[in-house]
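Listed after this line are the structures, all set down as C-alpha cells.
Each of the next two complexes has chain A plus one more chain, namely chain B in the first and chain C in the second.
For the complex of A and B:
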C-alpha cells in the first residue's frame, strides 16, 4: 500500500495541488513573472468566466463532443454492431478489422492523411484534396467547414471502438431471448427497445461516458487545424495549450485546466447517476 | 484492497521506470563514452527540412571542425547536435521549459526577440558571468557592428553572439508584371502605387494572388513582422517608442495600416484563405515559387526558400523572374525618421546555458561557430547576411539580392522592441490583422486591439491618438 500511495501522491496528488496553486498566480513561461510570480487570487478564474474566449471554446467543445462522440461514435457504433451481429463471422471479422484500422493508426499519421484528404497536398487554392477530386468540387473543407470536418473526422476515428464495445455487449444477450421475441412477432425496433437496450444499458452508458470524456479531452483537432481558422476549432484542450504554452500564460492555463477537470467530473457524475437510476 | 494489491507489480515497474528516468536527467552534458567530454548544441533546424542549410553547416563543418581543433589541443570532445523542425515560437517555448527545469542544451540558437524575456525569467546569464573575461575579450566582437550586437543584448549586457540579420522587401514576380504591362524593374513610392499595381495584376489574371501581406493569427510573428510593423513604419511610427515609452494603440498611423489591410482584403487583392490555414506562410511561399503570387512582402526567408536552388520551394522556371523593391512609405517622406522607404530587421544568435557543466568548452564552441572561418563555410552553403561585417564583404559581393539588402535596406531599417512584453503585444497585433483580413471593420478591429493593449501594458503606456 505505501509505495502505491507514494506513487499516487507523486504523480497525481502533487501535480493536482500544484495546478491549483499555479492557477492562483500570474506565473508565465518567460519574462519577469516567470522568475517572480505573484499571487493574483481568483482573477484567472474570473478572466476565464467573463472573458468570452473560454465560453467560446466551451461551446465548441460541447458541439464537438455531442456531435462526434455522443451522436456520431455511439449511435453509429451501436448501429454497426447491431447490423453486424447477423453477418457471417468471417466476413464480419474482415469488416471489423478494417474499421479497427481507423482506431489504431497514430493520431499524427491520421491527421496527415486527413489533411491530404480534405485540402490536398499543399494548399487551399492550389490543389484539390482526394475528397474534392471524388466529388468534383473545389472546397477548402478545413477552412470553410472546420468544425464539421473535425466532427466527421472524429466519428471516423472513434466509431470502431464503440462498435467493438457494443458488439461485445450484444453478444452477451442470450440468442434465445431474441428468438423468443421474434416468435412473439416483435419487429426489429421492438426487439431493440424491449430486449436489447434494457440488457445493454450499462455498457451503453459506460461507453458513452468513456467516449465523451476522451473526446472532451481530445487534442487531435490541433493537428488538423491548429485551432483555426479564427479560433473556430479551438476546443478546450487546444485553448489550454495555446494559453499555457504558446502564449506562456501558465497561471491562466492552470486555471482553465482546473475548470476543465471540474467539467470532466460533472460529466462523469451525470453518467454515474444515470447508471444507478437505471439499475 | 484486492485491486490495489493486484496493481502492485505494475506500479513497481512504473516506479523503476521513473527512477531510471530520474537517474538519466543529468545525461545531457556528462562525460562521453570514449572518456572525453560531451556538450550539446540545439538548433531549430533539420537536414533537408526547416533551416536545412544550418543543420548541414553545423553537422558537417562546425562540429567536426571544432572536434578536430580540440583534439589537436589534446582534448577529446564530442558535440551532440539536437535539431528540430518546429515553428519559431514552439522552439523557444520548449527551450524555455528545458532551461526552467535546469536542464537543456549547453549551446543553443535563440532568436533576437526572445533575449529580453529569457533574461527576465532568469533563464540566461550574461556571458561575462557564465564564461568570464574570455567572452568579453573575444577578438570576433570587433567585426560585428555595434547596432548588430544589440540583437543578443539586453539592458546593456551581452547574452550571446549574434549570428545573422535580415531585411524586409517587396518581392514581385516579373513574369506576371510583364503580362500586366507593369515595369520589370519596379519601385513603388507609395501605398497607392502598390495597390494600383496589384489591381492591374488581378485584372489581367484573376487566378493569381495579386498581393500578399500576412494577416493571419496562425502565421504567428510573420504577420506582425512582415505585415503590420513594416506598414506601421511606412506610416511613420514604430510600434514602441523608446523615448516616450509609449506603444501604438488606436493611433492615426495604426488607423492608416488598418485601412490598408481592409482595402486589400475586402477587394480581393489579398486572399484571407491563405492566412487562416495552419501552414499559410509555407503555402504562400509555394504559390510564389509556382509563379502565382504577384507582390509579397517578405524577408530573406523567401530568398532562402524560393530563390536558393536547395531551398524548400525552389522557384519554378528559375529565379530570373523574381524581383525585389524597397518598401515605400505611405507617401514619400511619410515613413519613420522622415524616410521615403523603410524596412524592418530581425536577427538571430546563439547563447549559452547558464547551468552548463562545461562553460569554458561551451564558449569555445560558441566562439568557434561564429569565427570568420566558420561563417565563411556557412556562406558557401547559403549566402546570408551574417552579423560579421568582414564576412559579408567577402561573401556577398556576387549576390545581387543580399548585397541589395546589405547596402540599400539595412541603412533604412528598424528593429523590434526587445521588451519581454513584446511577444504578447505581437499576438494582439496578429489578431488585429486577422480581424481586418477576415472582414471586420477597421474601427471595431482597432478597438479590440486597443483593449488588448491596455490590458498588457496599461493605458498610460499607450500613445494618445
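For the complex of A and C:
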C-alpha cells in the first residue's frame, strides 16, 4: 500500500498542490526568472481575466465539451445502445467493433487519420481527403470549419464509452418492464422517458461526468490543429501548453491550470449533487 | 422497431384501455405500415452510423498497402513493400522499442503497487475509504492529464529525471494507479476472507497468502489492469511529449506526431504504415481481454 500511496502522492496530489503556488509566481522556462522566480501574487490571474485569450479559450473549450461530449457522445452512445438492444445480428458486432476501434486507437494515430480524412485540396498538387472525395466537394474542413471538425471528430472518437456504459445500463432494466409498457401502448419515446430514464439516471450522470471531464482535459485537439488556424481551436489544455512551454510563462500556465482544476471540480460537484438528489 | 414510433399519441401510457379492433378496422394495417417504416428507418440509422465510423478508418486500413498512397483511401497498386521500407527510417525501430519499454515498465509498476494497495484497502476497514478512492479516481482523470503539465514538468525537472524514460514511467504510473486500485479492489472484495483465514491457521505468512491464495483468484483482475495500463501508456502522447527531449527516447506516439510536423512534405507511406503497425497491438490486446475475460474495460470504471 505504501508504494502506491507514495507514487500517487508524489506524482498526483503534490503536483496539483504545487500548481497553486506556481500560479502565484513569475516562473519562466528560461532566463532570469527560471533560476530565481519571484512572488507576483494574483497578477497571473488578473492577466488571465483582462487579456482576452483566456476567455476566448474558455468559450471554445465549453463549446467543445458540450457539443462533442455532453451532447454528441452521450446522445449518440445512448441511441446506439437503445436501438441495438434487441438487435440479434452478426452485423451488430461489426458496427459495435467499429465504434470501439475508433475509441481505442492511439490518439496520435487517430489525429493524423482525421487530418488525412478531412484534407481539402489546397492546390493542384495536393489531393483532397476521403471525405471531400465521397461528398464531391472541395472543402478544407480543418481550416474552414475547425471547431465543428473537432466536435465531429471527438464524437467519432469517444462515443464507444457511452455506448458501452448505456448498454450495460439498459441490461439492468428487467425486460418485463419494457414489455409491459409496450403492451400498454407506450411509444418508443414514452418507454424511454417513463421506464428507461428513471432507472438509468445514475449511469447517465456518471457517463456525463466522466465524458465531460475527459473532454475538458483532452489534449488531442493539439495533435489535429495545434490550436489553429489563428487560435480558433485553442482549447484550454492547448492554451496552457502554448503559454507554458512555447511562450515559456510557466507561472501563467500554472494559473490557467488552477482555473482548469477549479472548473473540473465544479463540473464534478454539479454531477455529484445531481446524483445525490436522485437518492 | 419501437424506437422510431412517432412521439405522438400522448397519454398512451396513462390510458391503457382495451384497444378493440372492432371500432377501428384500419388498425392492423396501420401497425404493419408502422412496423415496416420502423424497420426501414432502423436500417437507415445503422447504415449512417456504419459510414460515420468506418469511413475515417478506411485510410488507415488501405493506405499502408498502397504503392503511392494519397489522402484518399484506395487500393490502385496493392503492395507490401511499405512494410519493408518503413524500417529504413531511423526513428521507427527506436521509437517502437521506447514505447515497449515505457508500456511494460509502467505496467509492472502499476500492477505491483495496485495489487498491494487494493488488497490492503479491501481487507482493512478505514473510515472514508470509499470516498477517498472515489476522490482519487476523479483526481487522476483530471490531474494526470493536461491540467498538471506545468507542475509535472517542473517536478520531474527538479528530480533530474527530465529526458529520461524513468521520469515518464513514474508520472504515468502515478496517474494510472487510482483507477487500477479502484478496478482491482472490486476483484479483491469478491475473494472470501475465509480462504485466507484458513491459510493463516495453517501458518502461512501474509506474503504467502497473497502469493498463493489471493493472486491466483484475482488473476483476471491483474490481467485486465496489465492490459489496460499497457494500452493507456502506448497511446499516451502528452506526458512523453513534454518530458522527453531527445529523439532517441521518444515513443511511437510522439514519433508519429513528428512525422507530420517536422516540416517538408509528409511521407504518407511511412506515416500510414507506421500508424497501422502502432495500432495493431492495442486492438489485439483489447480483443484478447474481451474474449478471455468477457468484459470490456470502461476506461477505468467497471460498474
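Here, the second predicted complex is superposed on the first by the 262 of 279 C-alpha atoms of A that agree within 3 Å, B and C clash if a C-alpha of one lies under 4 Å from a C-alpha of the other, contacts with A are read in each partner's own complex, and residues count from 1 in each chain.
Definition applied: a contact is a pair of C-beta atoms (placed from the backbone, for glycine too) under 8 Å apart; a residue touches a chain by one contact, two chains touch by 3 or more.
These numbers were taken from a predicted model, which means no experiment stands behind them.
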Partner chain(s) touched by A:119 [first = chain B, second = chain C, both, neither]: both
Partner chain in contact with A:95 - chain B first, chain C second, else both or neither: second
First, second, both or neither for A:253, with chain B first and chain C second: second
Partner chain in contact with A:197 - chain B first, chain C second, else both or neither: neither
Which superposed partner A:245 touches (first chain B, second chain C, both, neither): both
Dominant contact partner of chain A by residue count, chain C or chain B: C
Touched partner set for A:210, first chain B, second chain C, both or neither: second
Which of chain B and chain C A:3 touches, first, second, both or neither: both
A:228 touches, of chain B and chain C: first, second, both or neither? first
Contact residues common to both interfaces of chain A (with chain B and with chain C): 1, 3-4, 7, 11, 119, 126, 226, 245
For the chain C and chain A complex, residues of the former touching the latter: 1-9, 12-13, 16, 19, 42, 45-46, 49-50, 52-60, 63, 70-73, 109, 112-114, 116-117, 119-121, 136, 138-155, 170-171, 173-175, 177-178, 181, 231, 234-235, 237-238, 242, 252-254, 256-257, 259-261, 268, 271-272, 275, 278-279, 282-283, 286, 296, 298-299, 301, 303
List of chain B residues in touch with chain A within their complex: 4, 7-8, 11-12, 14-15, 18, 89-90, 93, 96-97, 100, 114, 116-118, 120-123, 209, 216-218, 271, 273-274, 276-279, 283, 286-287, 290, 292, 420-421, 423-424, 427, 434, 438
Chain A - residues contacting chain C, complex: 1, 3-5, 7-8, 10-16, 18-19, 22, 27, 76, 79-80, 82-83, 91, 94-95, 98-102, 104-109, 111-117, 119, 126-131, 133-134, 156, 161, 164-165, 168, 181-192, 194, 203, 206, 210, 213-214, 217-220, 223, 226, 236-237, 240-241, 244-245, 250, 253-254, 257, 260-261, 264, 268
For the chain A and chain B complex, residues of the former touching the latter: 1, 3-4, 7, 11, 28-32, 34-35, 119, 122-126, 140, 142-143, 224-226, 228-230, 245-248
